[in-house]
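Both complexes shown next keep subunit A, but they swap its partner, so subunit B is in the first and subunit C is in the second.
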Partner chain A sequence: MEFKELDPILHSQLRLAVVSLLISVREAEFTFLKEKTNSTAGNLSVQINKLKDAGYIEVTKQFSNNYPQTICKVTKKGIESFEAYVNALQSYMNPGKE
Partner chain B sequence: MQPENFSPKDSLLLIDSMINQAKNRFTDNGFLYLLWGWVIFACAIFHFVAIKFNLFKHPEFVWMVTWAVVIVQVIYLVKAKKKEKVKTYSDGIIDAIWICFGICMLVLTIVMGRFNLWVYINSLVLLFYGIPTFLSGFVMRFTPLKLGGIACWLLAIGSTFVAPIYYLILLAVAVLIAWIIPGYLLRKKFKNQN
Partner chain C sequence: MENEQPLSNEKSLQIIQQMISQAKSNITDNGLGWLLWGTMIILASLSTWFFIYTGSGNIFLGWNVFGIFTIVMLTYDIFKPKQKKVRTYVDDLLRLVDIGFTICLFTVIFSINVAVSANAGFGFFLMIFAFLMLIKGGAIKSRSLMTGAAVNWIGAIAMFINKDFKYDMLIMAGAVLIGYIIPGLILWMQYRKLNNGLKN
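Coming up: the complex of A and B.
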């Protein structure tokens, strides 16, 4: 019986929550992610940067009505890593099936 | 939420919860259904009454109001897009469906005009109303819109059995069932969510 290794980038509550939200939508603004994950702006910003550096999400900064807006979108690499992470989780949940 | 060790079961629960939060989000407040529903309802009733009681020489000019509504709609959509915090896949599909509907209505009007087939337009307009209404309901998993679409198709068949003037009443009934009632229900659902 062998357990698959869990991706350390995704195996963090806030980063996993952000990627799970972005998997379900086309793109989302920073404030939407903050509201849904119930996190602080500072912590969310740090985790978003880590996901961006890993190439899992794309971050676009723009202005809307003179207010800065941060738009996040999951990348192909992010989707593949998320799928691999879920498969790895399943090997932990159903160890006999592998 | 702090980065910390958590079990695979916790991970799956978190993924499930986040996906459900995003999936069950209702982004349509029903405004455009109500705007177009009431405008077309009012125009159809006005046109019918004007013909029935011979009130005006060109009662069909009342439909020019819809051009003003197009402008209101464009302004509303531009403002709404700026406020949008999230773009879902279903929003994109619904936008594409209504753009197709707009183009189809324009092409239909041109083709019917070119071949002078105005006699068919009444039934075809109701047929076309049903398509985006039903598909939007299907994508949003919102039954009142699906029923509204079906009602439009039944009324399209019904329009072949009535005198042309009563088509305007069928049109008013169609927008009442397909857009106005679902519009209020959408608004209620949207308000409850927020």
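Coming up: the complex of A and C.
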């Protein structure tokens, strides 16, 4: 029985939470992610950058009503990695089904 | 939420489920649009009934005002700054439904002016209102909106059967009261309750 390796980028509480949220929506603002994950702005910002560097999410900075806005969106690579992560999790939890 | 705590498989699944459910629960409606739109339609319907009843001049005056108001509101909606923190796939779909509904609405207005009788045309109005309510009610899981859709379809059939335009306007006002105003009030109260709950 061989277990699939869990993606270290996703196997972290906050990064997994961010990608799980972004999987369900088309795009979301930084403040939405902060509110839903109940995280600090600094920590969230660091984890978003890690996801961005891995190519899992796209980050767009823009101005809306003179206020800066950071919009995050999951990429195709991010979706594929998330699916692989969930499959790997399932193989750990239901080893008999593999 | 901290980041570097050891993450068990169960905890990972819990986070995924929790976040997906958080994103889903973001689809809301404060009901004000239904209340505003419904009030305008009821006033326009009752004004037409009143003008026919009293034998006054322009029986469609209320609808002309309603038309201008609709154009102003649609223009404002298109150009107003968007303040949503999140854009879902359902938001995009509902936007297309709104565009389709608006095109149908103006097509029916056009048909009343050039092709069909006012009696049939206003029945078509109720038909497309019901269609919009069913889809939006389904999206936000509002049973009152979906019930309102059924009432509007029944109202449309009643208008097609009834041949006295004066009473068509009363049927329309009644259908919109049940279909728009009551669900609008329920949604508005739910929205206020939810927001008060979040503030406490």
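The rule is simple: the second predicted complex is superposed on the first by the 98 of 98 C-alpha atoms of A that agree within 3 Å, B and C clash if a C-alpha of one lies under 4 Å from a C-alpha of the other, contacts with A are read in each partner's own complex, and residues count from 1 in each chain.
Quick note on the criterion: a contact is a pair of C-beta atoms (placed from the backbone, for glycine too) under 8 Å apart; a residue touches a chain by one contact, two chains touch by 3 or more.
Computed from a predicted model, the values in this text were never measured in an experiment.
S.K.: Please tell me, clash or fit, for subunit B and subunit C sharing subunit A in the overlay.
M.R.: By the criteria stated at the top, subunit C and subunit B clash after superposition.
S.K.: With the two structures laid over each other on chain A, which partner does A:L16 touch: subunit B (first), subunit C (second), both, or neither?
M.R.: both
S.K.: First (subunit B), second (subunit C), both or neither: which does A:N87 touch?
M.R.: A:N87 contacts neither subunit B nor subunit C.
S.K.: Using the superposition on chain A described above, determine whether A:V25 touches subunit B (first), subunit C (second), both, or neither.
M.R.: Both partners, subunit B and subunit C.
S.K.: Which holds for A:K36: it touches subunit B only (first), subunit C only (second), both, or neither?
M.R.: both
S.K.: After the superposition on A, what does A:N49 contact: first (subunit B), second (subunit C), both or neither?
M.R.: Neither subunit B nor subunit C is touched by A:N49.
S.K.: Contact-wise, after the overlay, does A:T60 reach subunit B, subunit C, both or neither (first, second, both, neither)?
M.R.: After superposing on A, A:T60 lies clear of both subunit B and subunit C.
S.K.: Shared contact residues on subunit A, subunit B side and subunit C side combined as an intersection?
M.R.: Touching subunit B in the first complex and subunit C in the second, residues 6, 11-17, 20-21, 23-29, 31-32, 36-39, 43, 47, 64-65, 85-86, 89, 92-93 of subunit A appear in both lists.
S.K.: Which subunit B residues qualify as touching subunit A in the complex?
M.R.: Residues in contact with subunit A: 1-4, 6, 8-12, 14-15, 18-19, 21-23, 82, 84-89, 91-92.
S.K.: Which of the residues in subunit A end up touching subunit C in this complex?
M.R.: Touching subunit C from subunit A are residues 6, 11-17, 20-21, 23-29, 31-32, 35-39, 43, 47, 64-65, 85-86, 89, 92-93.
S.K.: Which residues of subunit C touch subunit A in their complex?
M.R.: 1-5, 7, 9-13, 15-16, 18-20, 22-24, 26, 81-83, 85-89, 91-92
S.K.: Any idea which subunit A residues touch subunit B in the complex?
M.R.: Touch residues, subunit A against subunit B: 6, 11-17, 20-21, 23-29, 31-32, 36-39, 43, 47, 64-65, 85-86, 89, 92-93.
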